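What follows is a group of structures, each given as C-alpha cells.
Look at the two complexes coming up: chain A is in both, with chain B in one and chain C in the other.
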Partner chain A sequence: MSAATVARPGPSLSSLVRGGGAVWVVVAVMVVWLSAVRGGGFWSTGNLAALLSGAVVLGLVALGQHIVVLTGGIDLSVGSMVTLTSLLTAVLINGYPIRTVPVVVAIVLIGALMGGINGSLVSIAGLPPFIVTLGMLYLVSGVALTVSPTPDGRVTSALTGFATSTFGPVPAPFLVLLASVVVIWALLTRTAWGRHVFAVGGDQHAARAVGIGTTSVLMRAYVVSGTLAGLAGVLLAARTAIGSPTAGTGLELSAITAVVIGGTSLLGGRGSLLGTMGGVALLSLITNSITLLQFPSTLTDLIRGLIIIAAVAVFVVKRKE
Partner chain B sequence: MTNIAFSRRGHSRTIATCLGVAALVAVAGCSTEQEGSAPQASAEDCLNADEAQAAYQSSWSSVAEAFELEDFQPTDEQVCQVDTATWKAEPKQGDSYRVAFAAQGPTNSWGVLSDEALRYHADELGVDVLYAAANGDATTQVDNIQQLASQNPDAMVVVPMGDGISGQVKAAVDQGIPVVLCSGVLPSSSGAVSTVTRQYDLLGSAYAEWIAKKLDGKGKVAILSGLAGVPTAEYQKAAAETTFEKYPDIEVVTTQYTEWSPTVAKTVAQNLIASYPDLDAIWSDSGYGALGVAQAYEEAGKPVPPITGDAINDFILATDGKDVQYALSTFPPEMSSTCLDTALGLVKGEPVLDKVYIDSPSFTDADGATYARKDCDGGLLVPSSAPEPLLTELKMCKA
Partner chain C sequence: MTVSQRTALGAREVTKSFPGVRALDNVSFACRPGRVHALLGENGAGKSTLVRILTGDQSPDTGTVVVDDVEVALGSPREALAHGVVPVYQELTVLPEMTVLDNVMLGQEVRRRRWLDSRRQLDVVREALERVSLGEVSPTTLAGDLSLANQQLVEIARAVVRRSPVLILDEPSAVLSGDKLEALHDVVRTIAASGTAVVYITHLLEEVHELADDVTILRDGAVVSTGPVAKYDTDRIVREMVGRQVEQVFPDPPDHGAAVMLRVSSLVPRGSDAAPVDLDVRAGEIVGLAGLVGSGRSRFLRTLAGARKRATGTVELDGDTVKASINATIDAGVVLVPEERKRDGLVLDLTVSDNTTLTSLGAVSTWGLLRTQREENAFAEERERLDIKTAGPRQLTRQLSGGNQQKIVIAKWLQVSPRVLLLDEPTRGVDIGAKNEIYRIIRELAAEGMAIVIASSELAEVVGLAHRVLVFRDGAVVGEVGRNTESSEKIMHLALGTAS
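This part shows the complex of A and B:
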C-alpha cells in the first residue's frame, strides 16, 4: 500500500479535467495575473462586489444547464426564461411592497412550469431537446415582447435593497447562488435522482433497462433548470429595478460556455459542478478584466471563443486517452 | 401501472402548481399601496427655468422649420438648471479628472464614433477616461456600471442600453458619483443628474407629421422600426403611432422591424411591395432601413414612396439625382463630447441643465445633395460635427 501510494503519480491533466479542476487552475492564473497588474484595483471591495454580483445570474442559469447537459440534453431557452421572469417580476410587483413575496414565489413557480413544458416535450413526447428548447426560446421571447415591448414595471425597494446589500465584499445575491450550488450538489450526489441523472446521460437505453424511470429523471432535470432560471430572473429584476423584454438575451450561450469549459461532456453522463462553477468564475473574470485593464471591448468575445475551443479541445483529447 | 401512476401524480402536481401560481398572482394583483416615484421638481424649485425651457423648445422649432411643419409643438417637458454645488469637487486622484464612460461599444459605426468622439474630446481637455463597453447589452452594462463605480471616478457618462440599468445608475449616484446620461433616457427614478440626448419623441413625431403633411392627412402608411424591445426603437415608434392617431384618414397598414439593417429592410420592403402595392408612405426610424426600402422599390421598378429616417450618408448618396422624397434628421453620435462637457461642468460647479436636448440638422430631399459626403464612409451620419481629423483618423473620411 505504501509502495502503491509512493508510486502513484499526482493528479494528471485528464483527472483534473474530469474533476473540473482544470478550469480553476486557469482561474487562479488569471487572479494572480490581475493581482500583479492591477492589485489594488482588482482586490478593492467594490470590484470584488462587482465581480461576484456579475456572476450570480449566470451562475444560477449555468447550474440548471449543468444538470440538463448531464442528462445528455441542452436547454437553449434559459435566457428567454430569465427575460420573461425578470420582466414579469417587475410588471407584477410594479412598486407594491405587499406583492413582493407572492410574486417572487409565483415567478419561481412559473420558471418551474416552463421547465416542466420543456421536460414533458423531451421526456414524454420524445422530441429532441435542441429543437424543443430552441422553439421554447422563441416562444418565451415572443411572450415577453407581448407582455411589454418596452421596459416596464418596477420592483420594490426591498428587492433592490437586497440586490445591492453586501456582507463585506460579498453581495447578498451571491449567497443565494452559493446556497443553490449546495442544494444542487446535494441533489446530484446524495439522492437517487442525482445518480440517475448521470446514468441517463451516460446511456439512456441502459438506464431504462435497469429500471430507472428516465421520463421522471429528465422531467425533473428540466424543471430544476426552469426553477433556477426563474430565480435568476427575480434576482436580475432586483438588480436592474425594472423589467426589460431583452434582459436575458444571450444568457443561454454563456451558460453553455460555462458548462463546457468546466469539463462537462455535451454528450451527457460526465461532468462536475466544481468545473461548471469554475466556468462561471472564468467568464466573469474575463468580463471583469476587460474593463479593469481597459482592453478593447471587442476582445471579450474573441477571448471567450478562444477559451471555449481550447477547453473543448483539451477535454476531447483527454477523454480519448 | 408505474407509468400510469407517474402520469397521475404528474397531472396532480401540474394542476396544484397552476392553482398555486394563479392564487399567488391573484393575491399580488389585489394589493393597492404602491411605493412612490421619484419626486419631480416643482416650478418653484426649477433653477433658471425660462432660459432652460427656451433651449428645449428651440430643438423642436428647428425641425419644424426644416420640415415646414406649421403646428409642431414640443411635448411637455420641464427643463431646469442643476444645482452643481452638490457635485462640485476637486479631482479625486491626481491633478486631472477621471470620467467613467459606460458606452454602447463599437457594435456599429454610430457606436464607434460615439466612443471616439468622447475620447478625442477628453484628450483635448486633459481628462482621463475609464471605459467599459456593453456591446449593446443592458445586462452587460449593469455589470459595467458597477465595476466602473468601484473605481471611484469623479463623474460617469452612461449611454443607456435600456431602462434595466436604472437601479445600477441609482446606486452609482448614491455612491456620490454624478451620472450624465448620454444619447438616451432613463426614468427619473434612476437619479441621473443630467441627460444629454436628441429627443426620441421629437424624431418619431416629426417624421410622422412630415408624412401626414405629404399625404394631406390621408393614405396608407407602413411603420418600419429598428429592433423589437429596444427603447431607442420602441419610443420613436410609439411617438409616431401617437401622431398618426391624430389623423383618422391615415391608416397604418403594417408595422415591421428592420433590425437597422439595409439587408433586412430590403426583404421587408419586398414583402411590402407584394402585400401593399398601394402604399402611400413609409415611416422608418433609420437611414439603413430607408436605404433597403429604396433598393427594393428600385429593383421592382416602382417609385419609392415618401420615406423618413436618419441621415445616413449611404442613403443620401444612393438617392442622389433620383425622384425620392424624404425627410431626414440625425441622432448624432458625436453628442458624446457634449456629454463629457456636461459631466465636467457638474464637477467644476459650472451651470448645467438637467436635460440637454441636442439640436442637429434636419432636412428634406430638397436639400439632401448639399449634405452628401462623397469623401466619407456610407455609414456616417451627415452633417457630422465630429472633428475632421478624428473622421480621418477613423478612416471614415479621406484626408
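This part shows the complex of A and C:
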C-alpha cells in the first residue's frame, strides 16, 4: 500500500526532468558558453552543418533505443546493426548508380529483420533483452567482419551528394532525422500502440491484465529500433562514402546515454522524446566542442564521462527506497 | 422479480493445487445475470485463486470455467476479456506514470482509422469518471498523484467503460470509505441493474447485506454453502467462514513463566496513524496476533523486529531498552521469521548449510576464514533438532519444499540463541505434515523458555497455538481473546468489526 504514496521531489525540477526539458537547459548553457569562448567558429556555417550531420546517426539510433527502453528493455545491438548495414550499403552498391535505390530499400528491410530477430527472442521466447541484444551485438559484428575485415565498397555520388546537400543551413540527412522524430512522436503519442509501449514498460502484468497483447507490442518496438538502425547505416555510409567493419562501434552506449540523460527511466514506462533528443544534442555538442576548442581528441571519453555523471546526478529522477 | 437461471459466469468442479497446497478443491459456483454475488471466505480460503482462474490469469488443474452457459478455456486475461469477463484486481493495475485518461482507456482505446480519437476518448473518460464520483479529477492528472482510494475508482472507471456482461470486483472496498464507498455501491447497483453479473469479494459484512443478492462461502479451498443473501445473517456467515473442525489438533500450550520478558510500550510504526500498541510477553508464553490482511499485524511485527522504523514507542527485554534497529534487536535476542520467506528469509540459491549459518558467520570462522566443517556441523545439529529433510548440507535451498525451507529460516535464527522469536505467517505455503511439525517446534521452543509472538491469517493456527490472541484492525489492537471454545468466532467478529 505504501508504494503508491511515494514522495516526489520538488515539483518544478521534477516536472522539468519528467518532461525532458532539463537536459535542454544544459544544452542551452553549453551553447551560450561555446558562443562566448569560440563564437565565430561555433556559429560558422561549416561548424553548424558538421554539428547537425554528426547528430543524425546517433539521433536515429537513440530514437529506436528510446522506444525499447520505454518498454523496459534495452537494445545493445544497435551499434553493430549500424556497422553491418553501412558496410553492406557500400559493398552492395559498390559504385553502380543503378543499385542505389534497391540497395537502400533492402538495407532498411535488413535492419527491420534484425530487429525482428531481437523482438522474437525477447517477446515470444521471453528471453531477457540485455542478453539477447548482447548476443546479437557479437553476432552482427561477426557477420560484418565476415563480409569484409577491412574497409570496402563504395557508395554512389547520388548518396554522397545527398549527405552533403543542404536546405538553407540544414543538411539533408538532418531532415531525415527530423522526419523520423515526428513519425515516432506521432506513433508514441497518437496511437494505441504508443500507449501500450508505456503500459508494458510500466507494469507488464497490469498491461496483460487489461488485455494488451504484450508480445506484439514488444515485437514492434524492436522492429522499429532495427529499422531506424538500418536507416542510420545507410546515412552513415553516405557520409563516409566507403564501408567499414567497425563504423558503428560504441553507438549503442551513446544511444543509451542519450536516452538516460534525457530523463527516461531504464526501468521502463516513463520518458520523453524531447529529453532523448536533448541527450543527442548534448552528446553531439560535447564532441563538437572538443574539436572546436582543439582539445586533444583523446580526452573525448574522459570529458564525456564527467558530463554524463554530472548530468545524471542532477537531472535523473532518483529512485526512492 | 424472476431470476434468470443462465450462468453469466461460473466454475464447474474446479480444482487447483500449488506445491504443497490444494488451493481449490472441486469448487462449483454460478453467478446469474443482473445479480451481485458476494464471494466470502477467510484469508487463504481460495477466493483469489478462484478469481485468477475465472479471469484467465491461471488455469485450473481440473474442471472448467463457464461463461454465458458455455464451458470455455481461458488461456489468458485477454481471452477472458474477449468473453466479456472484466476483472478489477485487488492489486491495483493502475499505472502511476500514465495519466488518468490513458489509464481508463488502456487496452480499449477509441481509434479513428489508426489514430487515437482524443476528443471521443475524453468524452468517454469524463462520463466514466463522473459515474464513479471522480468528476472533479482532471483526466490529464498523473494517476500516481491520486490517492489510493481514487486510484481504485479509476480502475473501476476502466471497467465501467467496457460495459461487459460480467464484472469481478476483488475487494474494491478495502481502501474506500465514506462518500467514495457510497459511490462505489451506487456504481455496482447501476451496473447490475443493467443486466451485468457482478462477482463481489469483500471483508466488510455490512456490505454483503447492503449490496449482494447471492452469497457463496469458501473455506480451505472448498465451497461451504451458497444461496440467496436473505438466508445469511452475520452470525451464519462468520460461523461458516471460520469452521470449527481443526481445533482439536492442538494440545494446550506448555505453561509459561510469570515474569515479563518482552515489554513493548506504545509502539507506532513510522508512517502509520493508528493507535499505539502495547504488548507484554512472558518467558515461555505464546502470543498470537490475528486480523485481516492489511490490519497491521505484520507491520507491527516488522517494526518490533527493527525492520521498519518506529514513529514512537519503546521495546524492553528483561528491563533493558532495545534500540530501534535490526542489528540492535538481533543482538538483544529478538528475531523475526518473516512473512515473505523467499524474499526476506532465505537466499534461495545458497546451500541449506550456508543459509543456516548466515546469521552466525563469526561463530563458524577462524581469522575471518569460514570453516566448512564447522558450518556443516552447525547445520547437522539443526537438521537433527528440527527434522529438516534434505539430501545433505550442500543441497540448494531452492530445491526444498516450503515446509523445509521454513525450518531453515527458523534454524538460521536459532543459531543466534534468541530470547524472543517473532513469526509472521509461519505456515504459509507449507503442507499439512510440515505445518504440524512447525507447530511442534514452536511449542518446544516455548517450553524451553523462549517468548514467542506469532501472527497468522489462519485463525485455527493462532487460536490453537497461543495462550492468548490479540486482534488487530486498522493498525490497532481492538481486543484480546483467551483460550476457549468460542475464541475463533470472537476473533473473527473483532477482526471484521462486527463484534456486539
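Note that the second predicted complex is superposed on the first by the 301 of 321 C-alpha atoms of A that agree within 3 Å, B and C clash if a C-alpha of one lies under 4 Å from a C-alpha of the other, contacts with A are read in each partner's own complex, and residues count from 1 in each chain.
Note that in this section a residue touches a chain if its C-beta (ideal position, glycine included) is under 8 Å from a C-beta of that chain, and two chains touch if they have at least 3 such contacts.
Note that this is a predicted model, so its numbers are computed, not measured.
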item: Overlay on chain A: chain C relative to chain B, clash or fit; value: fit
item: Which of chain B and chain C A:F198 touches, first, second, both or neither; value: second
item: Touched partner set for A:R190, first chain B, second chain C, both or neither; value: second
item: Touched partner set for A:I98, first chain B, second chain C, both or neither; value: first
item: Which of chain B and chain C A:T160 touches, first, second, both or neither; value: first
item: Touched partner set for A:H66, first chain B, second chain C, both or neither; value: neither
item: First, second, both or neither for A:R304, with chain B first and chain C second; value: neither
item: Cα-centre angle that chain B and chain C span when viewed from chain A, reported as a multiple of 10 degrees; value: 130
item: A:N47 touches, of chain B and chain C: first, second, both or neither?; value: first
item: Chain A: partner with more touched residues, chain B or chain C; value: B
item: Which of chain B and chain C A:G213 touches, first, second, both or neither; value: both
item: Touching partner for A:A241 - first (chain B), second (chain C), both, neither; value: first
item: Gap in Å between nearest CA atoms once chain C and chain B share a frame through chain A; value: 8
item: Common ground on chain A, meaning residues reached by chain C in one complex and by chain B in the other; value: 213
item: Partner chain B, residues of chain A touching it in the complex; value: 41, 44-47, 49-51, 53-54, 57, 92-99, 102-103, 105-106, 109-110, 112-113, 116, 144-145, 149-151, 154, 156-157, 160, 163-164, 213, 215-216, 219, 236, 238-251, 287-288, 290-292, 294, 296-298, 300-301
item: Chain C partner contacts - residues on chain A that touch it in the complex; value: 1-2, 4-6, 190-192, 195-196, 198-199, 202-203, 205-213, 269-270
item: Touching residues on chain B, where the partner in the complex is chain A; value: 2-3, 6, 10, 14, 17-18, 20-21, 24-25, 27-29, 31-35, 37, 105-106, 130-133, 135, 137-140, 142-144, 146-152, 162-168, 170-171, 187, 189, 228-231, 234-235, 238
item: Touching residues on chain C, where the partner in the complex is chain A; value: 55, 57, 76-78, 81-82, 87, 89, 92-98, 102, 105-109, 111, 114-116, 144, 148, 151, 158, 175, 271, 294
